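Below are structures written as structure tokens.
What follows is chain A paired twice: with chain B in the first complex and chain C in the second.
For the complex of A and B:
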């Protein structure tokens, strides 16, 4: 695909009120052409509302939406040229697979022979060649998802919106589809805005992730940035599998947790602080003196749970906080496993030491 | 796998379950048998009797006398028009009720229900008052200078249509409302987002998905229309005779129970023929059982 007509999207201070409830409280967002941006947030944070406003299904109470240089705030959905994949796919049950995919082409009065060609091509691109005549009711969840996708891309839209399109699928299929969506994105060069409340999914697929909370964007960053430099305790808690523990500030780049003093990679933010301890960044270590660039913590091992690829052990720190560590469950580790109730030391790389300000 | 006693036990349990269902079914079955099946049987019997012998004279008369044929044709024509007008008026109402917010939708449905609170007789007389030569419609139109001579709106075909459509619209609205409100909003949103204008989405998405309701409503209205008596009698001024009037005249004026029964049986057969034909063109189970 050489010539792409995908556009950048700019949201300017979007608000949306339902009576006296504010679902969106001033959202601004800049998305480059061809970028894959996920909107991540807990239930009720306004993700769907935001997507509906970009799609033109609801009007914002204030603010503007731009596609490229054009202000589309008041443009109805049928004039916006966007492919939407709905949460439950919204395939037309009375039409066959091919007729569903042809719908946007027919709406644009495309000549019939062109329709046939493009439907066939769209079917091939989602690996459903030969399924054109099937009724929608006979398809599996993953196949429906792919039909919805084919229908959203067949008319070469300017933008693709997806609202939790994978949430109805089981884990294996979901992960396979995530990979497929990634490669499709690379192939089409499409601008994609993707709503999800699954942080792993957002991290897997996106160029950037916008984290929402109660109608606001709290942080927008690359997956790596979000993971290692969360702006506050909410983002740190939402991304990754972490336990937040309050810490005391003892220097510009140092905090105290219990009796241990931990070094941090960056200058600390003002205000109250807590550390986000991610189970997978904590490694068991012996009594040897700590190397430079390493923080150490001590605690008592509690329950150990087998979880397939890894074991999860709870660790009671000296200060009384309860955290979790993850130990790969292969047999090289079998000898080194600590016993429940024993005293252990764990180390944490300074770069993985994530200290964030606590928000009210 | 040859554990027969267990299989027997399962079969027995299944039979018992089926007997249970049958028991639930029984009251309705009795009611229908007693108050519909039996009278219909009697009607059929009566229509085949002349004096003390079996005969087809009553049916033969229907075929011989043009007045009978014309009445059947008129009845079907009136019913068809009323059905079409009820669709034209009912669809927008049902759609509005289905997409409106809760408060509005309740209001719309309540207003549609309202006519049920007055008897058909009262409503028909009310139409007579409204539509007469010096009635409210004519005087308003003349006062506005739109017409000079009063329109003849009562005691004719137009009046019959107006009166019947008024009675029938709710029967169209409710099945349509049920069908339309079941269509997920995302489907219509999807239709628009894919580039469909209002008409395209209506034609390709809304209408096909509302078809079960449209079909149910149309059948209901059409059948109820075929048996209408009061409204055409009062508003039609004796010019629009429906089959029901024919039956009534045969009974009351001429005491011809056999003839009346034959006329009624004939109507029943015509309806069955129509539905058989419709079913062949539009596979009903497919339309109704689509979702």
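For the complex of A and C:
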């Protein structure tokens, strides 16, 4: 694919109402050509609805959709040149693998010999060379996934949309496919909009992630930005596995949690705040005085659970809040493992101290 | 075995029901080969004469061909219309359309005799009684529900996302339906068409009211001839009709089996 067709996508204040229910409440989004953007959110937050509007399957109640400079809001799907992959793949069961992939080319009246070439190339690019004559019913879940992908890219679309395309696969296959999708994205230079409710998947694959809640985009940022600078408690809770504990603001960059005062990396706005404590960022430490740039907490060890590569210990803080810490389960650690019921100190880097405003 | 008595009763009941379904048909077929001038059972001897009487008679043949023509034409109308209606009912979110479904089903809910009388009165006003056009319209209307219900059932288990994908891949709405949806709901459409055809072929009550003159239908002629004389020609015609219907049903079920097997 020498010259890429992929376009930037701009959503302008998209609203969608079903009777008196607003599924989307003013969504704006700017996506650069070649960018991989994930839309992440809990069930019912409007992810699919947004994707359907970009695909042209549903019309927005208000707002506009632009591909590059062209306003495509009223353009039907067949004129948009987009490749879509749905959760259940929506392959055509009455056609063979090759016929499925040739479908968009036939629809475009591509000459037969060109169709053959391009189908063969698409099959190779998803590692399915030689599978062209198989009926869809004989394919495994992962193979169907690849056929759907090949069908979505074979006609060199302007944009690729995916709605939870990996959620029907088991964990190992899903992780392998995530890597493949990433490299395919790099290879094609494709603009991809990817819907998922799996935060790890979104962080793994995307250039940027848009977090949705109840029909609105709450935050759009790079995976790292989302992780270290969530805008509020909803994002902090949804991204990463953290425990939110209310804290009191005692300075521009300081909060109090129980009796401990913790430093923060950025200025804090006044108002209700909470800290997002992630099990992975808390390290057991001794009684030595804290180095600069380190926050310390004390608590009582509760239950310790073996989870394979790590141990998860619950920790009751002085204020009464219950959090978790994770300790790698190799034997260097086993010697220093605190007993259940003992008093321990944990440290947390200031840069990892995520304090977010609480939304109503 | 404790369950043997209930099982035995179940077998007897099943047998009785099957016999009740099949016996009348069997008796008609046996009598159609009778050599007696009267409809007596068991027939005194075997002959083909009543088949000869049926196939050799000009009026019977005209009525038969007319019925086949009317059934074909009305099927040609109600299959696309019923399919389109089922499609609309399936994809539409509008509550109004959902209520309109009931209107489509009225022909099977209203007693046929009322329908026939109503048709007669309306047709009398517009001069459609005893015309092919009138009969085709009436049969199409009456058999629309069969196509509608059958296709709707097929669409309910069809994944509409496939059509969305087909559209995103470059086909218009109608082309997407023809290339992707229709091939997959074809068995339901065929079943609907079959019922519509057979229904039109043996529709009697409405024919009695609005057919006539040039445009005689086979069931109407059978009914009329039963009033005058009772001879086994009727049995021969019935046997021929049963064979035709049966052949169609078997054919369509064979087709759907090979499809599933593929």
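Just so it is clear, the second predicted complex is superposed on the first by the 358 of 360 C-alpha atoms of A that agree within 3 Å, B and C clash if a C-alpha of one lies under 4 Å from a C-alpha of the other, contacts with A are read in each partner's own complex, and residues count from 1 in each chain.
FYI, a contact is a pair of C-beta atoms (placed from the backbone, for glycine too) under 8 Å apart; a residue touches a chain by one contact, two chains touch by 3 or more.
Keep in mind the model is a prediction, meaning the values are calculated, not measured.
Superposition model on chain A: chain B and chain C are shown in a clashing arrangement. Within the superposed three-chain model, A:94 lies in touch with chain B and with chain C [touch as defined at top].
In the superposition on chain A, contact is made by A:82 with both chain B and chain C.
In the superposition on chain A, A:130 makes contact with neither chain B nor chain C.
Once the two complexes are overlaid on the shared chain, A:151 sits against chain B and chain C alike.
According to the touch criterion, the shared surface of chain A, contacted by chain B in one complex and chain C in the other, consists of residues 55-57, 76-78, 80-84, 86, 88, 90-94, 103-104, 107-108, 151, 155. Chain A contributes residues 18, 55-57, 76-78, 80-84, 86, 88, 90-94, 103-104, 107-108, 135, 151, 155 to its touches with chain C in the complex. Of all the residues in chain B, the ones that touch chain A in their complex are 184, 186-187, 189-197, 200, 204-205, 208-209, 290-291. By the touch criterion given at the top, residues 93, 159, 161-162, 164-173, 175-176, 180, 183-184, 262 of chain C touch chain A in their complex.
Chain A meets chain B in the complex at residues 55-57, 76-78, 80-84, 86-88, 90-94, 103-104, 106-108, 151, 155.
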